[in-house]
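Note that the chains are named A, B and C in the order they appear, and that numbering of residues resets to 1 at the start of each chain.
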Amino acid sequence: MELTDNIRRRSRTNNRFRYLVIAGSVITIIPIFLIVGNLAVKGYRQINLAFFTKPAPDTFQAMMAAVNGEIIPGGIANGLTGSLLMVLLASLLAIPLGLMTGIYIYENESKKYARFIRSLTEILQGVPSIILGIIAYLWIVKNITRGYSALAGSVSLTIMMLPLIIRSTEETMRMIPLSIREAAFALGTPYYKMIYKILIPVSFSGLATGVLLALSRILGETAPLMLTALGSPAISFDITRPVSAVPLLIWDFYNDPNMVNLVWSASLFLMVFVLSMNLLARSVASKHKYI
Amino acid sequence: MNNTPQSENVLEIKDLFIAYEPGRYAVKEVSASIKRNRITAIMGPSGCGKSTLLRGMNRMHELYPNIETKGDITLDGQSIFSMSVIELRRRVGMVFQRPNPFPNMTIYENVVAGFSLNDIRLKKNQRDEIVENALRNVALWDEVKESLYRKGTFLSGGQQQRLCVARAIAFNPDVLLLDEPTSALDPVATSKIEDLLGELKEKYTLVLVTHNMSQAARISDESMFMYLGELVESGPTGTLFTTPKDSRTEAYLTGKFG
Amino acid sequence: MSGDRITKGLLFLSSLTILLLSAGIVVSLLGGALPAFREFGLRFIISPAWNPTAGSEEYGAMSFIAGTVITSILALIICIPMAFSTSLFIAEYFRGTRTSGILRSLVDLLAGIPSIVYGFWGFYALRPLLVATGLTDQGFGVFTASLVLAIMIVPYATSLSAEIISMVPAELKEAAYSLGATRREVIFSVVIPSARSGIIASFILALGRALGETMAVTMLIGNANVIPKGLFAPGNTMASVIANQFGEASGLKMSALIAVGLLLFLITALVNYLGKLIIKRFA
């Protein structure tokens, strides 16, 4: 009967499409398992206490170890300290500025200027990180520190963090019910107190999430640091001198065939660290759900 | 539509249970008969299961993942759970509470949407005939015949709803299910739809869920009163309204609960 | 009262940073690129030359523009079926279930992996696989880079598409179901037309991400300063040539690289603006 043929054909197409959708989704997530699996299997060997406490070995030491089938001596301590230094500095600059700008945009939504600033923020967010590296080079490396430096690296990271924090601050604020502000005003709270004592505390977990996500983003950044911090074999806290960072070390190791094992471990570490921050941010967001 | 002699009851509902999650029944042990070419109204306070029952009749309730169904519903003697759901929905059409013409289709395309969605090819003159008949049947033809190829979003709420009825009857279904079809419309549009339903019952069997008692009293031939998932009472509308047998029915009709 | 004034003033001042930053970026890029444009004129944009030998220096951005555009668009093409099916999985087929939540988290995980890790994994794990297929002998080239790039941008395309798809009103879908349509038919006749602009916008934004991606591409594209000759041929993108050569560049070469950066900035800003525009018009 024509009707049953029609139904059978369409049911078949329907089922086939469903399988396609499921297959496509599985293919999409296969890379995660491949990447994590590869890194875990090949990277765990070099992870030991020295990994975290010793600076990077030179290529000769690595070659000797590889020849003898031993674990390469040394670790990523210089990268860890460098990353820490730059991220801390960037946070010091970006968090307060980002928070205040986000609050400004939220509080002044009706003004054209505020909306203009928001559009600029969106554009800034889309700028490729390597270009921010060029900018930090032109501003800091050339003019201020006269050479590669941790400061330049921090500045590039700051510019990266700013739009992320501004956007997440604004979005978090948006979710606060208006009635809370109105209640504060009804009690006679002055404007600035409302911001410090009500707005910020109430939205704290949302703000924290935004900051954590921004941090996890810049911890894995390499490109701008190549043009600004350059990298260094020493553990240093001098912001006017070149400094290393974990992603930079991975880049250095990658360019040296002797360091293969160390690259796997460093990549494993970086990936685990960044993903953990991501998960942390997400759990903070979900735990304090009333905002 | 069939060659077998037509019985008085189009749909028979037998001991029907529908649960959204295990143990929580929205429809409990409902048995009823829907008479052919009549308007049957299902009424009751919100949450009584009337919409669930209606949606069971064209198996729309199966769109929910964990739904549990017990019992049976037969359409002209054949269990709706044994036939293909596509075939069922061609014989049992539905009109929804909020008018929902497809916004990406013209008025013309909306009326024949059932055919195009079901991949049924028609010749142009067949299609034209179906569109004109359906739109005439819902008293919309004169109003839109000049704008058939425009998208339906410029129509008023009442007109959009009539378009949705046209779309549903384009298939010439046996039964038309209507889920509170006028609750989103203004009084003028409502009364136009009510008149329309009175005319449609000559060709189709109508089952109407309504939260508006007076609407049920105005236009339905048979009424069913539901409360907390159970079918409390059913019968000819006049009788049910004037001499309800169950105290709960009486309480509802006298406005003791919404 | 003055506490209010100070606070409002502080907030306003901090907003100025964005203004100054944006202006500063544009000015610095323009200033840095100027020598190159003065030397080569607007021909710089379409010239595929890249010759740093002293005495006959000639630079042009075309090889890199070609590399960037080809890899990004190829990545988008590879990404579309994956993102499309995954967003349908999350927002339609398994909507609201734990499976879809798990899938969504897994896809988000893809977004969290740093670019250099992708590049490194691509180099050590993916490249040998591609070499084994025989399509390429070294494994570097446009295709390898685009493949990894596709994996990197899938989460962005997926999450936005899934959100748009889940916003299609249930009643529209129900109307189609009630007319006897199968699930696939409902998706193609109602859901997709309804969500079309949003889905397109999500792909455009994913393209924007692909354009600016640096590390993974640098490590896989082969670093040849020419217009790629074929799918598996090496090439270079705007971002990767800057990453590779900026450190040792000076004078005219550096200006040329900054000019390439300016062009990248403009292209990325344009694509992102387009995507946001479509979303605003749609929502």
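A few notes on this one:
Keep this in mind: a contact is a pair of C-beta atoms (placed from the backbone, for glycine too) under 8 Å apart; a residue touches a chain by one contact, two chains touch by 3 or more.
This structure is a prediction, so every number in the text was calculated from the model and none was measured.
The chain pair with more C-beta contacts between its two chains, of B-C and A-C, is A-C. Relative to chain C, the chain whose mean Cα position lies farthest away is B. Chain closest to the overall centre, judged by the mean of its C-alpha atoms against the mean of all protein C-alpha atoms: C. With centres taken as mean Cα positions, chain B sits 54 Å from chain A. Per-chain Cα centroids separate chain B from chain C by 50 Å.
Note on chain placement: the centre of chain A and the centre of chain C lie 17 Å apart, centres being C-alpha means. Along chain B, residues 86-87, 118-119 each make contact with two or more other chains.
Taken residue by residue, chain A touches two or more other chains at 10-11, whereas all remaining positions touch fewer.
Counting partners per residue, chain C has 182, 185 as the residues that reach two or more other chains.
Those residues of chain C that touch chain A in the complex are listed here as 1, 3-4, 6-8, 10-12, 14-15, 17-19, 21-22, 24-25, 28-29, 32, 81-86, 88-89, 93, 103, 106-110, 112-121, 123-125, 151, 154, 158, 182-185, 187, 208, 211-215, 219, 239, 242-243, 246-247, 257-258, 261, 264-265, 268-269, 272-273, 276.
Across the complex, chain B is touched by residues 96-97, 169, 171-172, 174-182, 185-186, 189-190, 193-194 of chain C. Chain contact summary for the complex, chain B toward chain C: residues 58, 60, 63, 65, 85-90, 93-94, 96-98, 100, 102-104, 113-114, 116-119, 164, 167-168, 171.
Taken together, the chain A residues at the contact with chain B in this complex read 3-4, 6-7, 9-11. Within the complex, the chain B residues that touch chain A are 84, 86-87, 118-120.
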